[in-house]
Amino acid sequence: MQVNSEFKPKIVAFCCNWCSYAGADLAGSSRLSYPADVKIIKVPCSCRVNPLFVLRAFEKGADGVIICGCHPGDCHYSTGNYYARRRMTLLFSMLDYLGIEKGRTRVEWVSAAEGVKFSTVMNNFVSKIYQLGENVKLGDLRCRK
Amino acid sequence: MVHKSLEQACLIMDRSGVDTRKCMMCGKCSATCPAFDEMDYHPHQFVKMVTEGDIESLLSSKSLWKCLSCFACVERCPRGVEPANVVEALRVTLLRRQGENYITADDIPGLLDDKLPQQAIVSAFRKYKK
Amino acid sequence: MQEVIKKRVKELFDNNTIVRAIGWENGEFFYDHTPAVFDSAADMDVFVYDNFCASNLSKYLINHCAPEGKTLVLLKPCDTYSFNQLLTEHRINKDNIYIIGIGCDGMVDIDKIRALGIKGITKITQNGDELVIDTMYGEKKCKKADVLLEKCLSCKGKKHMIYDELISENEDEMPQDASKRFDLVNELENMTSEERFAFWQNELSKCIRCNACRNICPACSCRKCVFDNSASGVASKANADSFEEKMFHIIRAFHVAGRCTDCGECTRVCPQGIPLHLLNRKFIKDINTLYGEYQAGETADQRGPLTDYTQQDVEPTFISDKEVK
Amino acid sequence: MQKIGVFVCWCGSNIAATVDVAEVVQAVKTQPGVAFATDYQYMCSEAGQSIIKNAIKEHDLTGIVVCSCSPRMHEATFRKTAQAAGLNPYMVEIANIREHCSWIHKDKNEATQKAIILANAAVAKVNLNAPLVQGESSVTKRALVIGGGIAGIQTALDIAEAGYEVDIVEKEPTIGGKMAQLDKTFPTLDCSACILTPKMVDVAANENITLYTYSEVEQVKGFVGNFSVTIKKKARYVKEDLCTGCGECMSKCPSKKGKDEFNCGLNNRTAINIPFAQAIPNVAYIDAEQCIKFKTGKCGLCEKTCSANAIDYNQKDEIIEREYGAIVMATGYEPIKLDKFDEYQYSKHPDVITSLELERIMNAAGPTGGTLLKMSDKEHPHSVTFIQCVGSRDISGRGKPYCSKICCMYTAKHAMLIRDKYPDVEVNVFYIDVRTPGKNFDEFYRRAVEEYGVNYIKGQVGKVYEKDGHLVVQAVDLIANKQLVLDTDMVVLATAIEPSKTARDLASMLTASIDTNDFITEAHPKLRPVESPTAGIFLSGVCQGPKDIPETVSQAGAAAAKVIGLLAKDKLLTNPCVAHSDELLCNGCSQCEKVCPYGAISYIDKEVNDHGVRETRRVAQVNEALCQGCGACTVTCPSGAMDLKGFTNRQIMAEVDAICK
Amino acid sequence: MIYTYYPGCTLKTKAKDLDLYARKSATALGVTLEEPEDWQCCGAVYPLARDEIATRLSAVRTLVSARDNKRAVVTVCSACHHVLVRVNDDMKNDADMRGKVNRYLELENEYGGETEVIHYLTMLRDKIGFDEIKKKVVKPLEGKKIAAYYGCMLLRPSKIMAFDDAENPTIIEDFIKALGAEPVIYPFRNECCGGYVTMSDKSLAKKAAGKVMASAKDNGAELIITACPLCMYNLDANGGADKLPVRYFTELLAEALDVK
């Protein structure tokens, strides 16, 4: 796989407030690094993530979108991540069906105590995006400067 | 300088698939080892010395050839460190060097008897240069 | 059958059971019958029912079942699923509606007849499983089965899910073999990612955003579509790039996922011939395989798969980490 | 158009060393809506907050972005700051440029560019922020404590002392927990029962405390201030109000082969049983699985014996519904199962025991009447070997990755007590590290070595086996660099502890976060150690992490203080970031209602005015007191009628746009 | 019941008894053992170093041929079993290794650890059942006190071998009971006999074997049985002056089934 050294991917990470955002904080305070390409948006729960947001990110030029929430069964709101799980499974399957590289989307469950996992998940996801390269299939060319 | 050779430490860790830094020096491997009394360096020391990159001392140690590959240390280690794998990585490292044979082909016939099963020969002979 | 229906509806007007009826009337051509609202028995004179009444009338009830008096609606078996789904979602009130379930043995696609090389068509009549086609060049014949609409090829069966009375002969007939329903979806799934992308790129780039698919869809019936709402932040702009089409169609399919009855109207009305039902069917297939068989509109009180879950549901990584073909 | 002020914090060198704060200030100034931007060493300091307040007044700011540490640290601080300067507190957004940026990146340029993007995203969001007002909800002035060990007892007593009602739910037939099973306590060697039982008696006597023993929490609904809890009180087949605890029934019961749980199964008990002499409540219960009456229908001796007529074989489980304002988890711990550590022969040899079993053997009420005896032959041992860290600090999958914290000290205690009482017994302790942080702890351990002559050997045991009627320990002495083969009579395993098996299910019911080891997660590891991130849920004792009795009691008191602070309020301010439905867009389809975990959405028929058209429509309504703001409804809503205040569709998309620019 | 039977080199030469009685007993128990043509040595010693690829290939070839025959592989020799199970585990769980091996072998169908590798003893326990064997025993070995010697390679590392509890195994004892004899449990049954260095370091081998032998004797054993040709040799050659007799477990099975 040829990796373009110029390529700096744009990666949006939606993190739920209760688990994954706190997990990201723990990764930070533990100084567990992951690439700066990842930018986190805080949402109250993974179930707040609308497929529209995912597509919007791609439209605006994101190269990868990852959604992180509490582990199934541990949702702060009891059931939010169960709905998110179904929604995102179907959405990702549809994107795959449309021929979009499925590695560009991902859901991971990271608890508030899993700073190490957060960092690992992000490192793995970013390296996958580097492998996939720039998101040309889904990007809205007009939005590219 | 505690670290002697980080490069060599990494080589052994890669080759053995063991992250020796996970070791907490509890000594369970040495408590378990059936060949402990025969060794100059003991299993927990092996692990520590690899972390510190002191590979050359280990390569010249007779302990390398005392390990029975019985995996008792692997089985009982609470940290998932696999001392037996470290030993094998060290043996292999030595054997791949020119002239560093433990047993040469010429030694073999003298050690054979007619009941000796093949595994015994392979265990010993594979310590011969690749 | 047309005359039987007409007679019965007129009766219902006459005995004040209903104040309104929704059916079909002739369009510009004999093969493009359009939905029509009839306000009296006399209006019913222009009512038609034949091989070209594909329109699913259930959606019209949202706006045409006013509280004063009952509205009659004529529903083919497949239309009743949409009707139930609308009931589930409280979009219509059954108390105000009188349903006559009418029999159907498949609707015909005029384009498929033309594709057989039959030109100058003036009239089509059915004789058994054969169509007799009057043309300016004489009489032609073809098998009805060969010219059915795409949506009728995966017919859900002859049984009405809900009705007040039936005008139908073959209610008990088992559904046709629907095993081919997902054939095209499977075919796409078996392509490489690049091939799929090329396929959809080609199809969706034809979209002119006429919104016919949205307007005909009984599930896509929001009072105000999110793509029309300037406050939503995603109101559609001029079609300047291919992604907006994809986004619109993905979101549209997603919004009806778990609610779409697979009535096939979207594809039927698309002026560009985009096989839009293949998006909906992908969701249906995924739902069936991942969460258990589900048919939207089978009854009026189901919990949809996207407003439901089990603790053991498959993880999204099941998709993300699937081996790439 | 908003007038936004951006305040970039250096956090000393925490941010400024990796992020060029001046460059961030310059960059955000070009963003739409930004009217003012500056940086300062410590924004959270009083001086820093003054900068914000002054800027709000001077520049007439309508919104604030603070680029600083995680909002979990200081969002509340800056909201108060803004409020003090007359701004709605929800016009504040935090760009997390410390935990999510400066602390994880090394390259200054890279970190600076990321900080700018995070700041821009926050600015983009604030541009769409609207002032929000917190609602109010009531507080039920009663607390629930789950678990009746020392943690739960102390928490309940403290809450009750402050004048609030508190209920304890304990799954065992008596309160007391693990501490009741201990013989002595470190580092002062107090008799455990002597200091615990007075507290147990206090619980029983306190009018504010209601005790539900032999009971379990079945279901929890609601939210801070307004929890509704279903408690199942299991049938004990003995009427609690009539039983006098005389114990006559136990002496008559013919079914004597039950494992005595209180004595770790080292001896047997009768089917009708009072766990120990000081049990609270001092009421018998019948183990129905063991009872002959329940198994065969015949017997009934206890019923005949009981002069108080307290036996009731027809008793049924009782379901109790209660309302609470706060809930305290005090579910405690269990030693782990040792079936994966058979190199020590625990499951094979009766003289290989756990430390908790040794507590019972050493205790006067225990199976040997307090005399140190081998369980195999009830003979006096001449040598006892302790093995530390059995299953602790173990990442092989056999044990637990954490340090169980209490074992070093109780092993020193055991070793000392044995040497004190039986100077003829040789005591060896195999350890990896001796960890004694705590007041008088190291002194205690040194006394074991220096005054009592306990042999501490740095190293582990590889194998324990039987030979010629005694045990052999094959071990290593790492300091001498020797393998040892020692004869010994008893082996005591310092078994790792794990949270109670009930913790995970309870955490799910309470929507409290739980970590991979099943310890309940605290809201902040340093600053909020007794609160769960879920409001109204508090943590007491080992359910939060391994701790000894002094620590448990301190934490129990701290949890009580937090509960009292909550119950003292008449009204709670609610989270204003709740769902809201636009009735003109609402289809009335009920999908949102189905996914709401709080039943906060209802449907009403309402007359609306849609651009001049008046009609009655079925529309969704959100009960803001019930809504907790998860947002599940917003995604279910196809038309976008349902949105979440503070996290609106447009706000999130604005952040997305800013990041992807 | 048909299995692919992998005897391994030793069973064809130095451990013919192990092989012979395994076959005879299998026939008596109604199990067909099909020995593939052209099998090659498994490598005899599992290559622990992760950068040893070539030394894994021969084991993979055996596993691939079993997969292609759609049958599980049954082994008798502990060493072969150890090698096949661990290489199979590498192929299943180590993507890097799997890639390298597959690229090297250029197989038509890539191999990913699909083959089931079972030991003759696990076959007896799980596929036939010791109760069933008990019923088929013709000459029960009554009154015999037999010590099972597990050695290292069947048990460890237990996460991969998944043969039995590594510290308190029971399978051979249950086997002994099924044959009507009395199993002797002794602490060194799962400790190393030193066979690994039997050629190069006699004194260490003698010391280790001596401990095993002494432990078995102390606990009243009359006979030791094993599944491992190397242990058999080493215990016999280095077990000391008054060593106990050592036999293969298959020989006892054949004896009890009266097919010896």
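Lettered A, B, C, D and E in written order, each chain numbered from 1.
Convention: a contact is a pair of C-beta atoms (placed from the backbone, for glycine too) under 8 Å apart; a residue touches a chain by one contact, two chains touch by 3 or more.
Here the structure is a predicted model, which means the values were calculated and not measured.
A.B. asks: Indicate the lowest number of steps between chain A and chain D, counting one step per move to a touching chain.
C.D. replies: 1
A.B. asks: Can you list every chain in contact with both chain B and chain C?
C.D. replies: A chain counts here if it touches both chain B and chain C, which gives D.
A.B. asks: According to the touch definition, list the chains common to the neighbour sets of chain A and chain B.
C.D. replies: Per touch definition, common to chain A and chain B: D.
A.B. asks: Farthest from chain A in C-alpha centre terms, which chain would that be?
C.D. replies: E
A.B. asks: Farthest from chain D in C-alpha centre terms, which chain would that be?
C.D. replies: Chain C.
A.B. asks: Could you grab the centroid distance between chain C and chain E? Build each centroid from C-alpha atoms only and quote it in angstrom.
C.D. replies: 65
A.B. asks: Could you grab the centroid distance between chain B and chain D? Build each centroid from C-alpha atoms only and quote it in angstrom.
C.D. replies: Roughly 45 Å, centre to centre.
A.B. asks: Roughly how far is chain C from chain D, centre to centre by C-alpha average, rounded to an integer in Å?
C.D. replies: That gives a centre separation of 54 Å.
A.B. asks: Express in whole angstrom the distance between the two chain centres, defined as the mean CA positions of chain D and chain E.
C.D. replies: Centre separation, chain D to chain E: 48 Å.
A.B. asks: Going through chain E residue by residue, note those that touch at least 2 other chains and give them in order.
C.D. replies: In chain E, 166, 191 touch at least two other chains.
A.B. asks: Would you give the residues of chain B that are in contact with at least 2 other chains, written as numbers and ranges?
C.D. replies: Residues 72 of chain B touch two or more partner chains.
A.B. asks: Mind pulling the residue numbers of chain A that touch at least two other chains?
C.D. replies: Residues 51-52, 56, 73, 79, 83, 87.
A.B. asks: Which of the chains are touching one another, listed as pairs?
C.D. replies: Pairwise, the chains that meet the contact rule are A-C, A-D, B-D, B-E, C-D, D-E.
A.B. asks: Using the touch definition up top, name the residues of chain C that touch chain D in the complex.
C.D. replies: 88-91, 220-226, 229, 231-234, 255-256, 303-304, 306-308
A.B. asks: Which of the residues in chain C end up touching chain A in this complex?
C.D. replies: It comes out as residues 185, 188-189, 193-201, 226, 234, 240-241, 243-244, 246-247, 250-251, 253-254, 257, 279, 282-283, 286-287, 290-291, 305-311, 313-320, 322, 324.
A.B. asks: What does chain B use to touch chain D in their complex?
C.D. replies: Touch residues, chain B against chain D: 22, 24-28, 30-33, 36-37, 42, 44-45, 72, 76-80.
A.B. asks: Taking the touch rule as given, give the residues of chain D at its contact with chain A in the complex, in rising order.
C.D. replies: Touch residues, chain D against chain A: 70-72, 96, 98-101, 103-107, 110-111, 113-114, 117-118, 121, 507-508, 511, 513-516, 521, 533-534, 577, 595, 597, 628-632, 634-636, 644, 647, 649, 652-653, 655-657, 659-661.
A.B. asks: Applying the document's contact rule, which stretches of chain D touch chain C when the two form their complex?
C.D. replies: Touching chain C: residues 584-591, 594-595, 603, 610, 618, 636, 638-640, 649-650, 653-654 of chain D.
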